[in-house]
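The first chain written gets the first letter, and so on, giving A, B, C and D; residue counts start at 1 in each chain.
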């Protein structure tokens, strides 16, 4: 980490490139994660948010919106596999999928591992995010040009209202409610529109923030989805570069139960490479710590 | 967070107490967690390590050794419940328990929730840690003066060698291998001595670092324990203020299997308050992400 | 700076004590100075302000009010010598001196190097600052127990109104106008009261902030003093641990001119050790950069 | 500084763009300056050094080599005026000037304010610095395309050896001895070659680091130049964004004395706009604090 220089008989402790840092402040504003940036690859203010992509030694490329980490090459699969494969494996035969948000492309990449899928619409409000991801995040955005993918650059909370009984799976891969326009994707109205846009066997997942720093949002997302869907279950996954590392997701459906109706054999025989998600993780994700179970029971 | 002052007609954006910060650098040294400190309560260099305890708004009191976070009042129960209750509930009737390390007292506090326990020896190398914890961490150290507790201030890796067939449960609550003298508690010799000190039905748990930043240590701890114990299983728990939030623990025994031999009814009927651990969490903790399963299979 | 540890065959780059940092944010709030703290010696919230004293490797002990650096053992003499000796050497025979603020004792220490002085009243609003300085800042507070010193714990802006034609020299050693109650010491009323409390040959100095980050306060202090005193001159000194390193002081008198009436021989023959101030520095301090001369001409 | 967002009834303290920071570590490595970056404009690793240019709210554009601040739009004139105008005004009629280093163009800009100048050779080792400065630092690099300027991309410590009795003024505008190849510009051999390349009336200035953090280099530069030149004098200037704000420069000549031979009228009648330097500043800059005078006397 440190390199010594001896110049003209004087020894110098020299620490190169120690000068550029990224600080993500967690909600209360007095704690967070810091990362050294090697190189700032992209930085822009879109109509909706500040976009930054930078290189690090440890995490590879890091993508941030309004100073909130969205993905790193190191651990993006933790998040995208948990968000996508839970509702995808619960659906008996997912053909048509709607991804709301998800501009970096990681959710689409995971959806397309399911061979039954014929079409994915990704509705991302911010076209600049998608352009930047295609250019600078090839690992995450690898499938955005797949012919089965249709990209729509609109407000997902409005776009979903165009459909009734249309999708097999809806994946809400929003930014933080406090970044950009993320808040629109946390309203009851929006969840109701998702319900209507889903077919009878439809399943849904929604990123639901973390308990420690954003517990209010987690409870809000869960309780609002629960008002709309007959089956609503919170599940958890590790996600190292997100606040607290304990990430919340909400599964919802019109009847399918993510535990009772789960077929581990489907996962075992999947054929495609998954790095995080497996049949044991699926079940384990719905086991909640006692404090969290109690909080949800009271909602 | 910010308070405005208007003095003599000039307006000043004034942000009080923004000046004292704690930075924990994770292993690669170019990332980590930061926390604002409200007040530094205790700071000392013991024979073994640098000890700091400080107050924060969000985490309550935080305890750090050599700049590595050991506990915060906010989430100490995540860690201590997972470290302690897994081996404790797996033992049919734990009476005598050895805690190695654990100077803050959190493990002892959890052990004593089990009514069968008659004696806990806590062997902590650094007496100054225990003194500081008693004074400044009342939530964590609450049971260190319980009459069933015997405190020993010695190197646990040596102390355990004094016993053969003595303990029902051994809990290795070490600091990081890189802080203070933590490294001694990660050797095969030491694990062998633990095996010898355990009775036939004995169970053991060992904190085993995190995969993301300290994966080499996690694999080392697991593989060395596996050489010594017939049953060795890694399990995971969320731990927000530890690196990556995905904390590794190793369970080991002379025969008891943490899944097959687990009796969920014992947990359900426990009677004592547990905030994190429950019977579903117990089983879920042994479900490992695919990448980690594969790594362990190759060891 | 970095120490390697090899534990059990694994090499670890280990950087001890890298975890406690002090950040002073300069006025615009998006830049400042950072220092590693070795040990936090004192931390308290008085009635007026947050007080912190900590040890560093490089600066020795550092004293901060509301997160603003007041003194460091490394460079306190830069500031205190410039604040004190300019008005002290300009007075023909200073016997009675009033220090307003200056709770760390550095100004009193410098005043008492002048053998003519019979009495110094130090009026510091915050008694806790003085107590902390006596205990933790022996280098700075070394003369606070001298029999010629009278300590008064009152608001200096009120206290000075008790005197007419009383002092030979008044030294305004305030905190920042934005810290604690510092703002009271930047009003025209207060400067008028200082004028009245000074004898005919009286001289005054006032710390006047820095131009780069706090130029508005520098201009305010200078222009208000100028309304009250017939002779008013800004002077500058280096001060490494204050914002920008270019510190402003205002000299004022009822007639004595700090250049024309200056006698370099007095300084040369002073006899007491001065580390920063000398007869050439005295004159040089009144040479202002062109941009600053122009700003002051327009006030 | 903070902007509130209310989304769906939940209020959020939102601090946009707080995530990208620049930290310059001063020599001992445990203190320094920090600045929030708005936008990273340029980042590259040249053959010699890491180059970064970024935008800030407060300082405008900032240019850094190996994490060491070279110029900011806010205060570049402090440094460049003091480095250039002292030797330029001391020469009776400067026609041919050599700038060694100075890739940002600030020294050339100041040199060309002197109407007598017919030719400036700027010898900068790193062509990428000049290209970046031309593109991103228009304020500093404004005169690099002037027809009187010849740009040479070579090691200045070698290049100067090509000349004997050639230049009227030489300006050593090096980077830090610890950044890039700066160390070559602090050797006695190099200073001897500068002496030889200067004409009889020649004058020279060399940036000489700061006393507080880099005092060893300051003393080294001064003492080596003194071995070579009959007239050698250290002078000081404020420089807010350089370490300590107290910047050292060495003036040297074959006989001209920067105080005795100084003609203030030349400065008064200069005609070109100078923002920092003036005839009083010229003289004041050679007044050294007592501690520094003593250090230099002992060299």
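The rule is simple: a residue touches a chain if its C-beta (ideal position, glycine included) is under 8 Å from a C-beta of that chain, and two chains touch if they have at least 3 such contacts.
The chain list, named the UniProt way, goes like this: A, B, C, D = Polyamine aminopropyltransferase.
All values derive from a computational prediction rather than experimental measurement.
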Exercise for review: Nearest 5 degrees is plenty: how much rotation brings the CA atoms of chain A onto those of chain C?
Suggested key: 180
Exercise for review: Averaging each chain's C-alpha atoms to get its centre, pick out the one most distant from chain B.
Suggested key: D
Study note, to complete from the structure: Chain-centre distance (mean CA atoms) for chain B and chain D, in whole Å, is 53
Review point. What whole-number Å value describes the gap between the mean CA coordinates of chain A and chain B?
Key: 30
Revision key, fill the gap. Taking each chain's centre as the mean of its CA atoms, chain A sits from chain D at a distance in Å of 48
Point to revise | Touching two or more other chains - residue numbers and ranges from chain D | key: 1, 13, 15, 23, 29
Revision key, fill the gap. Chain C residues touching chain D in their complex are 1, 23, 28-36, 56-59, 74-75, 78, 212, 236, 238-240, 244-246, 274-278, 280-281, 283-285, 287-291, 293
**Study point:** For the chain D and chain A complex, residues of the former touching the latter
**Key:** 5, 7-8, 10, 12-25, 27, 29, 37, 39-40, 43, 50, 52, 64, 66-67, 177-178, 183, 186-187, 216-217, 220
